[in-house]
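Here the chain labels run A, B, C, D, E and F in written order, and each chain numbers its own residues starting at 1.
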Amino acid sequence: MGPEVRESIVKGVQLPVATTKINMVDLPLGATEDRVCGTIDIEKALTEGVKAFEPGLLAKANRGILYVDEVNLLDDHLVDVLLDSAASGWNTVEREGISISHPARFILIGSGNPEEGELRPQLLDRFGMHAQVGTVRDAELRVKIVEERARFDKNPKEFRVSYEAEQDKLQEQITSARSGLSSVQIDQDLKVKISRVCSELNVDGLRGDIVTNRAAKALAALKGRDNVTPEDIATVIPNCLRHRLRKDPLESIDSGLLVIEKFYEIFS
Amino acid sequence: MGPEVRESIVKGVQLPVATTKINMVDLPLGATEDRVCGTIDIEKALTEGVKAFEPGLLAKANRGILYVDEVNLLDDHLVDVLLDSAASGWNTVEREGISISHPARFILIGSGNPEEGELRPQLLDRFGMHAQVGTVRDAELRVKIVEERARFDKNPKEFRVSYEAEQDKLQEQITSARSGLSSVQIDQDLKVKISRVCSELNVDGLRGDIVTNRAAKALAALKGRDNVTPEDIATVIPNCLRHRLRKDPLESIDSGLLVIEKFYEIFS
Amino acid sequence: MGPEVRESIVKGVQLPVATTKINMVDLPLGATEDRVCGTIDIEKALTEGVKAFEPGLLAKANRGILYVDEVNLLDDHLVDVLLDSAASGWNTVEREGISISHPARFILIGSGNPEEGELRPQLLDRFGMHAQVGTVRDAELRVKIVEERARFDKNPKEFRVSYEAEQDKLQEQITSARSGLSSVQIDQDLKVKISRVCSELNVDGLRGDIVTNRAAKALAALKGRDNVTPEDIATVIPNCLRHRLRKDPLESIDSGLLVIEKFYEIFS
Amino acid sequence: MGPEVRESIVKGVQLPVATTKINMVDLPLGATEDRVCGTIDIEKALTEGVKAFEPGLLAKANRGILYVDEVNLLDDHLVDVLLDSAASGWNTVEREGISISHPARFILIGSGNPEEGELRPQLLDRFGMHAQVGTVRDAELRVKIVEERARFDKNPKEFRVSYEAEQDKLQEQITSARSGLSSVQIDQDLKVKISRVCSELNVDGLRGDIVTNRAAKALAALKGRDNVTPEDIATVIPNCLRHRLRKDPLESIDSGLLVIEKFYEIFS
Amino acid sequence: MGPEVRESIVKGVQLPVATTKINMVDLPLGATEDRVCGTIDIEKALTEGVKAFEPGLLAKANRGILYVDEVNLLDDHLVDVLLDSAASGWNTVEREGISISHPARFILIGSGNPEEGELRPQLLDRFGMHAQVGTVRDAELRVKIVEERARFDKNPKEFRVSYEAEQDKLQEQITSARSGLSSVQIDQDLKVKISRVCSELNVDGLRGDIVTNRAAKALAALKGRDNVTPEDIATVIPNCLRHRLRKDPLESIDSGLLVIEKFYEIFS
Amino acid sequence: MGPEVRESIVKGVQLPVATTKINMVDLPLGATEDRVCGTIDIEKALTEGVKAFEPGLLAKANRGILYVDEVNLLDDHLVDVLLDSAASGWNTVEREGISISHPARFILIGSGNPEEGELRPQLLDRFGMHAQVGTVRDAELRVKIVEERARFDKNPKEFRVSYEAEQDKLQEQITSARSGLSSVQIDQDLKVKISRVCSELNVDGLRGDIVTNRAAKALAALKGRDNVTPEDIATVIPNCLRHRLRKDPLESIDSGLLVIEKFYEIFS
């Protein structure tokens, strides 16, 4: 994935293609920047005297998913690198007199406990969607989850088999949604209303508008429709905008509620 | 314990088995991450020019017990590594262009003086159980302990022999409990009540529910029963939940008392 | 671009000339000073035993444009190096017993979010012009931008083609303005008024005066005129002086408004 | 003192014995952990390619006395290492893939000025006894000390000779006390009273009880008796418990006085 | 400029002399101490196995001028080194077992913006004179400077030629002042009055007195006189003493005014 | 000055003696601990493969004077090393598996500006005497010093010659005082009074008493007497005790005045 391939792509050369499963790469807490971005192969450098590039996790995650647990505890600079790559689709390494770029198109998923520390506002803004996960309060449901977990611990294989059909159905639904996505339409009127929500909530930049449009389309495609409905937008807009609102330090209610309030004000 | 063994396990290859005593590994204060997780063997790297993995304490503790004194003074990152391994059963090392995983299934036991510093709430939450140890106030009992200690200092061998029968009985009891554990049952009604205690105490996540279920079953097995009683739960639940409650900085009573209060409110 | 070339330039030797496109060099976040200024070539040093200079991004940006995103997050010292080179047109590296200078004439463009941190006042003062970029509040316009972006994402090539004519026209306009710039005149009376604005706004130093004169001339040239009008000055003066005013911490209005107010007071 | 010796000891092999003077090792301020615990012999590693252990001050102090001036200014971690070794009698080094243990049985004596910084409470607690040293206020006595010092400075040899008889007598007394120590008895009633003092002073753990018992026996042995008297206990108990009391920040009286007060309350 | 030359100087050996232009050495922001003081030549050390000294900027500035922009942002330790060398006329390097001294007689000129940070009082005190530079407020004059700058930017060569006569006259004046300096006299009465000003302003040490005497003589010499007048003293004394006064944090007026006030009080 | 010499001294071997001038070693600001204490000779280690000791400034200062300017800005640890060596007369280096001791008997003189930072109380206490240096306020005297300095700058050689007789006389006086010092007596009554001053001023330890006795004897010897008078004590006691008094943060008068007050109270 060195410069030669890039040149070939630029020249339009037809390269041989191999089909593989989508990678799910897990970034272990404490991985170094070297391991993430790739580095010089010391062994080759010492034995053969050449500067060889050893690809990192970003290269491995290319065309797949990169998952980071406790993303809020990662070094800001490393998060920056991840978001840069996720946004541009290329990882560029500039060090020790070497400049290498390779494609790094992946979906970045981060999770974390906000009580342990928050991301910088600007970094938060660069995440497309932001979901809040709470704890189930219903005791019966809790017991059910505890039992599922015990069932998994007893026999992981059997557990997976019992959910196979459900998982296959979901996978099919996603695959079909992916192929139908490009033909999903969104009315001009709805687009303007989305932008009005963003503008009246004082969302900086246009990432909020763009992401809401995309997410609404994706949801419509998942439901098998080729037209976005206001309900689609209502479902996705809190997750698309919640983290882009300026925090009022005196207010403790979830920003998502402010978004949905403004949605109803403008859409009805 | 390199990737080949993992592959063999995945392929279902039957590997030769050796029976050994359970290891009790002591993590000395000030051990480096290299020593804990394993590192590259410098000698081999320099003399043979290959990157060989030198296993660390986690590998040594595999299928045994890892004991950490003053766990609250350990670097947060190192505790994280320990808990990750303890939870997943695998230790993954990603550095200098090497990615190695080996099984690291061990029971982690930590001790410490909370007045010297606390663990981060999220780390505390990942410990299964949390016991509080106080000092004996009864003078006669203190004298007895002092005498036992003096007896040990005088002749450690003789001291150990005098307790051998008692120790053997305890070992037998544990072994028998281990084999009986899988057949211990817990009533649906008790499970729901456990989850109600957790839910009403605002315990985040479901680790509290899972651990209480497991600990109650283990206690029943130790007592030779195959059914969990409310008394079993009453015995273990303060240790399972005490450290998962949000601290109220104005309140100084032990969280365990709050747990037991809630237990009696729900179970009677 | 070592000392020999400098000597040749000093001696007036006629060097062979090659015409190339203007470089647009992007400084990636986290680039090291070595990579920016150039460093010793380790490979050559080890294998051939000589100290060879490996040029950095400043050398690459020579006679072009150097763009730095999030310039306010760059290490102050690195910004200093950039501004020194941008001002003097030479990059001088003094380290490990080596002193090398090479021409580094480039236009420096930085962008950043001031809420994430400000540049030191003295550094700010060394930027020629300072533009403030806000978010469009008009929903219809937002939708239009979102649609343009979607059109680009769908087919970047087609998108670029659709703007080619417009871009070519702009390029021509700039080229013609460049050649006409040296004949643009500015009346003595206007010059004095510019300096009165600077003086009455308590702008330290004379960079503000010099830059306003140059920017007004450049604007006149872009509009195809050879005489600066008060309107030209009104257009450029807020961007030339906004960042050179002492901040009054109690006042939250944009400094650009203070500049334009003073402009009208003095020019009418 | 490598693993082979340890194995031999475990196997009960009879090793040859050499009689030497007791070592008095002085830990110089600023000694590194390497120098204290021992490290890899770099010379051997480089020239012979083997990992050889080079013993440190702990090995040198084995079966002797280790003296640390300004122990309160030592790095907490280093004090920890010293106390661990002093307590267990073994020094274990775990680094760079090496694990070495050697016997390190020594008496640790530390001194320091508490106004320059205090030891962590938990470390303080691990010192057996804690003596407070004040300055003589009587002018005549001060002059006598000054004169002794001047006499020493003038002729150190002569000074030492003049005290030789006194020193010899003291040494004999200690040797005889050592051999008589194991036959010294302490009444059950006195033991309970010691533990009552500890318990009522809220001393955490049982180190206070154990040390007081041992110190009282040692004092009786030094006085040539084979029975501990309440006076023996009164003499040693302030030094054994003074540093184990929780500090009341509002109270400035010496903790030793609180100990002696409680002693008289319980023993009479 | 190694020890051999020093020895020769001590022995009075007549060394060959070469006449060169006075060096004007510019200390680039971010130069390392190695580069300033000189260091070991790594190349020679590795290839020839000897410790060779590679002279730094101080050696280059010998018998010339060393200019440091933003001297207030330099590391205090580096400023210290500069002032030590400037004061003693020798640069002594003590490191890695080498001790080398070479003459480093230069005039040190520093500039900086005090709003960006101040020098330590003691460092300030070691600068001979301290001038304050303000911004011209007169608009006509500002325009003239802007025009001069534009003229320079258009044709630097021509600009320099136009000032050549003026520059030559100034150079001549300085050369003649230098040769006349040793015969300039200052009346005993004036000397006492200078010391009274210093004493009554509570200037610590005698650097203020010495520098004022020298500066007044230099000014008289520049004006072609061989006698210092009170006017000479009035001209130089604010710059010689301004930075040696203790700052009263509540007073914001320039210390130079306090100096001139005291001057008039004592001299009239 | 390695261990062999030490052994020879211990064995009483008669070593050849060379007479040299007393060294005056200047510790340059920023000298490393390696350079002060001595270190391993890298050159020898690399070329000959042996660990050779390269002596530092302490070895050079042996039997001479070590002068440290700005001693209050030195790293506390380095000052500690200096005082340890000055007190014990030996420099012990313990690092990288080497333990070397060599004699380091020198007189340590430090100077500094207390406004720039104070020494730790315990370090201050280890300096024998502490003199305060102020600025001359008398203008005539200031002029005289300025003139002397100008005379030195003009012709250093001539200046030194003009003071030679005076210097020689002083040197003779010191030499004669040195030889007479051992026969100087101090009355028992005066000794007790000195210790009473120390005791009533709450001086910790006995260094104050010892130093005052020594300094008074030295002064008597310098004056050619063989008996200490109360006037001798009055002269030296403020310098011997001033820095050993606990600072009362609310009091700003010089501690030396408190000492002299107490002196008159007790001696009359």
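One rule holds for everything that comes next: a residue touches a chain if its C-beta (ideal position, glycine included) is under 8 Å from a C-beta of that chain, and two chains touch if they have at least 3 such contacts.
No experiment lies behind these values; they were computed from the predicted model shown.
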Both-way neighbours, i.e. chains that touch chain F and touch chain D: none
Equivalent interface positions on chain E and chain F, same or different at half: different
Turning angle required so that chain C lies on chain D, C-alpha fit (0 to 180°, nearest 5): 180
Whole-Å separation of chain centres (CA-atom averages), chain B against chain D: 35
Chain centre separation (chain A, chain D; CA means) in Å: 60
Two or more partner chains touched - positions in chain D: none
Category of the chain touch graph - line, ring, star, complete, other: ring
Ring path (origin chain A; first step to chain C): A, C, E, F, D, B
Complex interface listing, chain A residues touching chain B: 28-32, 34-35, 39, 41-43, 46-47, 54, 57, 113, 115-116, 135-140, 142-143, 145-147, 149-150
Touch list for chain A against partner chain C, complex: 49, 51, 77, 80-81, 84, 92, 94-97, 120-122, 188, 191-196, 198-199, 203-206, 209-210, 213
